[in-house]
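Note that the chains take the letters A, B and C in the order they are written out, and that residue 1 is the start of every chain.
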Amino acid sequence: MMPHADHRPMTAREAADLVGGKLEGDPSILLSGVAGLREAEAGQVAYLEDPRYAPLLATTRASLVILAPGVPSPKGRSINVLRTERPGAAFSRLVEVFAPPPLRFAPGAHPSALVASSAKVHPSASIQAHAVIEDGVEVGERTVVGAGCYLGRESRVGNDGLLYPRVTIRERCRLGDRVILHSGVVIGADGFGYEFAEGRYVKVPQVGFVQVDDDVEIGANSTVDRGRFGRTWIQRGVKIDNLVQIAHNVVIGENTAIAAQAGISGSVQIGRMVRVAGQVGTVGHITIGDGATLMAQSGIHRDVAKGATVFGYPAQEQSEAMRTYGALRRLPQMIERVRKLEKQVAEALKRLAS
Amino acid sequence: MMPHADHRPMTAREAADLVGGKLEGDPSILLSGVAGLREAEAGQVAYLEDPRYAPLLATTRASLVILAPGVPSPKGRSINVLRTERPGAAFSRLVEVFAPPPLRFAPGAHPSALVASSAKVHPSASIQAHAVIEDGVEVGERTVVGAGCYLGRESRVGNDGLLYPRVTIRERCRLGDRVILHSGVVIGADGFGYEFAEGRYVKVPQVGFVQVDDDVEIGANSTVDRGRFGRTWIQRGVKIDNLVQIAHNVVIGENTAIAAQAGISGSVQIGRMVRVAGQVGTVGHITIGDGATLMAQSGIHRDVAKGATVFGYPAQEQSEAMRTYGALRRLPQMIERVRKLEKQVAEALKRLAS
Amino acid sequence: MMPHADHRPMTAREAADLVGGKLEGDPSILLSGVAGLREAEAGQVAYLEDPRYAPLLATTRASLVILAPGVPSPKGRSINVLRTERPGAAFSRLVEVFAPPPLRFAPGAHPSALVASSAKVHPSASIQAHAVIEDGVEVGERTVVGAGCYLGRESRVGNDGLLYPRVTIRERCRLGDRVILHSGVVIGADGFGYEFAEGRYVKVPQVGFVQVDDDVEIGANSTVDRGRFGRTWIQRGVKIDNLVQIAHNVVIGENTAIAAQAGISGSVQIGRMVRVAGQVGTVGHITIGDGATLMAQSGIHRDVAKGATVFGYPAQEQSEAMRTYGALRRLPQMIERVRKLEKQVAEALKRLAS
């Protein structure tokens, strides 16, 4: 099974002309698509950038492989090679050429969509089938609201937004321009807040909202809770992967990236350009400094300094954590050494006493 | 950007009269909303309860800050202060006053909703756009079924329920009164059960159901699987955060709270008043005693006693875990000390031998 | 509250005749349903297979209990017992008899479903309320597309598929035969890929697709991202639990099972018959060998060999990990022992020096 190839085939020569670089091999071979080295079939272009995959050069069925200048061709077989300084970028260019055309959505509201009369939907926006747009909602220019999306009362989506099918935006939440939300995202559910009184949990009203700034993308089935009061705030350029939890009143600084299944607890302040790896968890009410890196699965229980890299459960600064976890692996052997020492010392003390 | 302020502004004096407490400063200053200390603008009320935030008193722009009697006012600046024993409670009262009015839903079914003729939906219930109510469903008084919700055959929702948009309830599941389900919740999907036979997994039929008792709240995109047979049972007053997984035949006792991204494996029995922190995971078939606390990210691999607090991967009783993880941090230094001991002992033994 | 009992009651004798085995007790007692030992009421059948639950025999209210030949009946009370070599299998047979009849879905498209004129939907398929089937989609024989499902352009679902309500399948993704997707599943959302350039993240186009082979089942609210190019590939017989994340270009081999909340990072290759336990996380671009077992919550940071069992954070081979974590528990006591050694050695050295 191959990726679609909506572009007509091109020759290796045409590909080289398009992306630049030096061709080694048959310039007339026909290319009809792109693939990874491992999966490529005859007629497809692949590339190598990560040297770990170099052994695949010996077995790939790709008709053309893009390589950096220094990388040796495989021994004992002749493959067609395109040499260029940045194989990944050249490949990306060909991916675009061969990719199926991006989906287009006609402006206007599908007849099955329900748009409240008080909503202000720009005529260039596309409201897909069965979407529900409540009272007072605003939808900007060229924004696509996918099938079955729900936009709660007085919520607002800016220009050039792309909401995939089945996104839920609760009342009064606000999205900037060029925001992409993947299917199943829930923006503005209630924060998790209760007071225990008279033998039961009493719900603390969650009357704030969520503000999502320009150029944010949020992955499938992720959840961003509304503020208890005030806002939960996802700043410009933030990228969030799938199944991520952002609790009430969290602030996430510009261009921070959060990988899948991470969870950010209530009122945490994350700086700019922070990298949060997969399955990281944080306690509430802490601050993560600009440019910090939280490594995968770490448990963050206190503030993290600007630029720091932390790792572990509980998390430590990286070099410290590496020492700790390195030592942990040597621990069983250490215990043997201590046992031996105990015997030797007992023996020595015995001899000293005699 | 400020939270909505649907209430007309009030004076600091009026606020003090409303919530009680002693005013220090200008009683005539106008208040139009609430905010956190950090985010507050002129015209807003903030409060301080957690002493970690005391430094914000020096910089907040809030027009009035609610403080406990003992807390010193900031040095070198004059702010308006309202003194009261419980600043959080006083603030919550003002949050309610200034909050936008809660959403109201008209009774009856939206024309786009599909309600099976055999379903019994109370006339005071509100069935929103594109909801689907299958055969034999019962929906109680004043319950709101949000846009695009799905209620499978013979499922049952009690009185005063609130199902936010895009909730799925599979066939034969039963919800009590005052149950709140947030968007994306899936109640009653099949449990994860297979038998491996003749080279492949054969599905074990999952013919039970989910029972959710009164006053339960479940967060966005959480999943509660139906029993293999019998029920998965969420008892009265349980509160569950976002993206939580509850497997088949789990029982969760009254007033237990489960934070985001925790996962409870099949047939686990959790007692009453248990606190399960974020990203905790459990193995199947264990029992967690009443009042236990499972700290964040812990891996629970065996029973937890009543009232115990456990932590760690694998989890230990808290004091033990604190010793373990404290020791872990000292481990690299310990290894140095053992090395030094080895040298000294070798030296001592050499001298003893000579 | 009891499971439905759609079957008429049967006698213990009839049950024994149906499933085989030797009856001890009253053959005429009437049975109307099945339950677990703990929950069973009079009139229900239960069974015991896991010896941990044997103490429940003393208190169960079940009218009949299925036991293996060797298991002693409870002392001091007389219960009706059915003896058989495989109590679980016998019980499963009775579960099926007493289970409510499986849901049936009439062929054809519900009037509220939107099926593009260019879609090829087999007449025996059932397209439920509010489902959206875009241009060029293919749906095979007898496949059920649940209420509110979304099938993007040119996506394909084979025969005998079962898509529960609110599943999203993005454009060009392909599902084989007998695929079961639970509510909230998102197939084919964009992979998480950006290049950081000129102070901001630039989205890397995600133009591939997802291929799901025959006999795959995927749990509620799980997400499978499309390939950056080429495919993300879930091979035949794979079983995936709830809230699992499968990133772009991952390949999962036949009959591999992945438990709830696990996360598989981009381009990971998982072999056949692998078992991935709950909340496991992996880094990207690694290979997990056939038949490997990744234990719960492990952090997998490098390749795992065929048949290996790994555990820990970071993960180690099981026997090594068991030693490591066993040693970790003894660490606080070890530190005491090292302190004692230090004192003894200092004393010994002092005496040697004197």
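Just so it is clear, a contact is a pair of C-beta atoms (placed from the backbone, for glycine too) under 8 Å apart; a residue touches a chain by one contact, two chains touch by 3 or more.
Nothing here was measured: the structure is a model prediction, and the numbers come from that model.
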Quiz item: Same or different: do the copies chain A and chain C touch each other through matching residue numbers, with over half of them shared?
Solution: different
Quiz item: What is the size of the turn, to the nearest 5°, that moves the C-alpha atoms of chain A onto the matching ones in chain B?
Solution: 120
Quiz item: Between chain A and chain C, what is the gap in Å from one C-alpha centre to the other?
Solution: 24
Practice problem: Would you pick out the residues of chain A that each touch at least 2 other chains? | Solution: 112, 130, 148, 166, 184, 221, 243, 261, 279, 297, 313, 328, 331, 334, 338, 341, 345, 348, 352
Quiz item: Can you name the residues of chain A that touch chain B in the complex?
Solution: 112, 114, 130, 132, 148, 150, 152-153, 166, 168, 170-172, 174, 184, 186, 189-190, 192, 194, 196, 199-201, 203-205, 207-209, 211, 221, 223, 225, 227-231, 243, 245, 247, 249, 261, 263, 265, 267, 279, 281, 283, 285, 297, 299, 301, 313-314, 316, 323-324, 326-328, 330-331, 334, 337-338, 341, 344-345, 347-348, 351-352
Quiz item: What part of chain A is in contact with chain C in the complex they form?
Solution: 1, 3-4, 34-36, 39, 50, 52, 92, 95-96, 99-100, 103, 112, 128-130, 146-148, 164-166, 180, 182-184, 215, 217, 219-221, 237, 239, 241-243, 255, 257, 259-261, 278-279, 296-297, 313, 325, 328-329, 331-332, 334-335, 338, 341-342, 345, 348-349, 352
